[in-house]
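Each of the two complexes below includes chain A, the first together with chain B, the second together with chain C.
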Partner chain A sequence: MEHVLEADGLGKRYAGRWALRDCTLRLPAGRVAALVGPNGAGKSTLLHLAVGLLRPDAGQVRVFGEHPYENTTTLAEIGFVAQDTPVYRDFTADELVRMGGKVNRRWDATLARTRLAQLGIPPRKPVGKLSGGQRAQVALALALAKRPRLLLLDEPVASLDPLARREFLAALMGNVAESGTTVLLSSHILADLERSCDYLLVLQGGRVRLSGDVDDIVAGHRQLVGPRHLTADGTVIRERHTDRQSTVLVRTDVPIFDPAWTVHELTLEELILGYLGEAEGATNHAEWGVPA
Partner chain B sequence: MIWLTWRQHRRQALFTVLGLAALAVFVVPTGLSMRHDQRTLDPGRFADTYGSLALLSILLLVVPLLIGLFWGAPLIAREIEHGTHRMIWTQGITRRHWALAKVGLLGGAVVVFALVYGLGLAWWYQPLGQIDVRQTRFAEIFFDMQGVAPVGYTIFAVALGVVAGTMVPKVLPAMALTLTGFVGVRAAVALFARPHYMTPVAADQLVRGATGKPTGELDGAWVLAKEVRRADGTFVTNGTFRCPATGACAGDTEMGPGAYNHQLIQPGDRFWAFQWIELGIFVALAALLVWLAVRRVRRLA
Partner chain C sequence: MIEFVLDGRSTANTYLQLVQQVKQALRVGLLVPGDKLPRVREVALSLAINPNTVLKAYRELEIEGLVEGRPGVGTFVTATLAGASLAGQAELRAELVGWLGRAHAAGLDDDEVTALIDTTRRAERGTSGEGTRDGARARG
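Then we have the complex of A and B:
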């Protein structure tokens, strides 16, 4: 299988703290992948490394087999929309499309204009005066006009209302379905991802916790509810106990027949929260000067 | 990149041209009338009429700094403050290309502006420089506002602003950093380096029988030191002292016979040499800062 994005032992350090560490992953071509994790998990760092804005401090990252840092060959193949969908706010949408033509060798201005026309975006109004949803659409149109083979989106829908979010994702999915572009999309709005993504990467504390095909992941996990002190088959991801009963999230390839357990299927959202909720938050009572 | 740079900075270019035009509205008429009156009025009247203009021109010292604050500091700081650097640096061109194109184009525009400004003021100041020995074009402050030196200051100020923008990713702190750095470096160079660009010339004149002005003062020189010394060279006081050739004189007992006025000057014909040296220093500093800025840009994300 061809991999668009490969990372091996990838790490990035800021002021002595690892924002991303020992990150090893493979993103197969043609997938729409969700990059999920709590704030500070290293999602943006991973995307910035992939698009070549950052240089790794450890390990390596390859996009289409090449190192992306300051590499205009790979850059030409990547469409990137950074967090908060930044664009020059005093430019009009039409001027932004024109700008793209000046700073890219391959640039499909007609594609961008057609998309923006379909969405009813005013061409001659400064984009700073558009709504957040419209601005995000402009940023996406600019990224797509590069006709990229890989599209990296850093929380593109975080600041949008639910309707704009749905429209944005619909527009995105419509395009990538036609062009076969691989997409890596970070978000913490889990419900949206379930609808649009077929591949999952979960980051936590700078490391990859889980990665794979969404269907396989959902099929491979079960939530079991049963009497306390019962041992479950498979890899236990998370357990919670009350006085009488245990709730266990397990990863297993075989069906569970033990009648003592009540077996529940999980939604992707529940599953991701199961993984992310596992880590104990670090306490700092001393810094606050309160007793633990 | 040319279109993009123009589109992003056309407003500030317009304001700068308007500012230059406003300055010209003041400088051109006063310059012409000074030239006219210099020929028709006697020197005393001329000094009374126009002497204050020289002081007004001190205000113009801030022009290179203003250019640095409003052209240099926001160049990168504003991109980072708004996050747009992640948009423009992930298009199809390298950051190095982007930074050099921007700095080059804006730098070129700024040089043209500063040349018009510096040479224009040199023309304007020429009659004023002959009023008073403390206000020759070579004297501190007046040297700094005319000729090619302001071109160096302006380029330096812009480069400093650009680097400041890569150090602190917000426009306002970057401007504050530019201001501090500019004033510090300018003052340091003017006070400690400039007097030593060339070995000063000593002009001595005996206290007894001194008449007229000491040599050097007349031709637009820069007077670095004026002091009175005894015959053996020991220091008596600052300033100039003159006594008639014979008879009693106020300072006789203290100075003794053979006392002389000692002056250190940079002769007036060194003006342009000093201007070019000053330009060279600030252009070299600016080049270093641009190199630093490009280096920093390639490490930001």
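Then we have the complex of A and C:
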């Protein structure tokens, strides 16, 4: 299987603090991958390392087998939409499309114009005056005009309303169907991801907590509810106990047959929250002056 | 041509929902051999879902011998499910009605009946050894 993005022991430090640490991952070609994690988990750092804007402090990252840092060859193959879609706000969409043709080796202006026309984006209005949803669509159209083999999107839908979010994802999925571009998108909006993404990377505290095919991950986890002191088969991800009952999130490749357990399937969202919620010890009752 | 609709409250995988919707359409005769399924790109666009998910659903239907992909043309229905198991179902249903009557007479309410069926099915799968992950998944 061809891997578009590979990281081995990848790390990046800001002012002595590791934003990303010991990160090892493989992103297979042709996937739409979700990059998920709490704020500060290292999502943006990983994307900036992949696009070549940052230099690793440890380990390495490879895109199409090459080191991306200040590498114009790999950069030409990558479409990148940074957080908050920071296109030049004083320019019109039409000017941005023409500019793109001057700074990119490969540039499909017709593709960009056709997309923007279909969406009814005004060509001669400064993009700073467009709605958030329209601006996101402009940024996506510009990224796609490069005809990239890898598309990196940092929180592309975070600031959009539900309708604009859906339209953005629909446009993205339509393009993936046509071009087969590999996509890595970071997002907080977990509910959208289950439908649009088929690969999952969960980051927490700068490390990869979980990665793999979405259907395999969903099929491989179960929430079990049963009497306390019952031992669950499989790897326990998270468990809660009352004096009588245990609730256990397990990763298992075999079905749970023990009738003492009530078995629940999980949505991708519940599952991710189960992983992320596992990190305990973040309480600070003393600082708040309240009893624990 | 059918149009896919997703059940937002279903916990079933999106691809399974697509598979089930095609099968349901085959059962009720909404789709018949020769009919074309929507193009992958159209489904991805209209539902904002991953095209790989649509491909996976179509591949699954192909493996089950229900549809056939013709490169560059589309995916076409090649079989039907209409009426295949209806005869057998009637007899099973009659037996089940009798059993449900006995269960209610014994004081079980609907929830208890569902729980009993669920645990029995799982225990039975566990002993017969035919339980696979797919079997467990299909319950979704």
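One rule holds in what follows: the second predicted complex is superposed on the first by the 281 of 292 C-alpha atoms of A that agree within 3 Å, B and C clash if a C-alpha of one lies under 4 Å from a C-alpha of the other, contacts with A are read in each partner's own complex, and residues count from 1 in each chain.
Please note the rule applied: a residue touches a chain if its C-beta (ideal position, glycine included) is under 8 Å from a C-beta of that chain, and two chains touch if they have at least 3 such contacts.
What you see is a predicted model; the values in this text were computed from it and never measured.
The superposition on chain A brings chain B alongside chain C with room for both.
Of the two partner chains placed by the overlay, neither chain B nor chain C lies in contact with A:Ser131. When both complexes are overlaid on chain A, the residue A:Ile78 reaches chain B alone and has no touch with chain C. With both structures placed on the common chain, the touch criterion links A:Thr267 to chain C but leaves chain B unconnected.
After overlaying the two complexes on the shared chain, residue contacts for A:Thr235 are found with neither chain B nor chain C. Taking the C-alpha centre of chain A as the vertex, the lines to the centres of chain B and chain C open to an angle of 160 degrees, rounded to the nearest 10.
In the superposition on chain A, A:Thr110 contacts neither chain B nor chain C. Contact with neither chain B nor chain C is seen for A:Gln118 once the two complexes are overlaid on the shared chain. This overlay, made by fitting chain A, leaves chain B and chain C with a least C-alpha separation of 25 Å. Residue overlap on chain A between the chain B contacts of one complex and the chain C contacts of the other is empty. By the touch criterion stated above, chain A contacts chain C in their complex at residues 30-32, 166, 169-171, 173-174, 176-178, 192, 194-198, 215, 218-219, 253-259, 263, 265-267.
Chain contact summary for the complex, chain C toward chain A: residues 6, 11, 13-15, 40-41, 44-54, 56, 119-120, 122-123, 125-126, 131-133, 135-137, 139-140.
Here chain B touches chain A in the complex through residues 1, 3-4, 7-8, 82-84, 86-96, 98, 298-299, 301, going by the rule given at the top. Residue ranges on chain A touching chain B, taken from their complex, read 48, 51-55, 70, 72, 75-76, 78, 80, 82-84, 86-89, 91, 95, 98-100, 102-107, 139, 142, 146.
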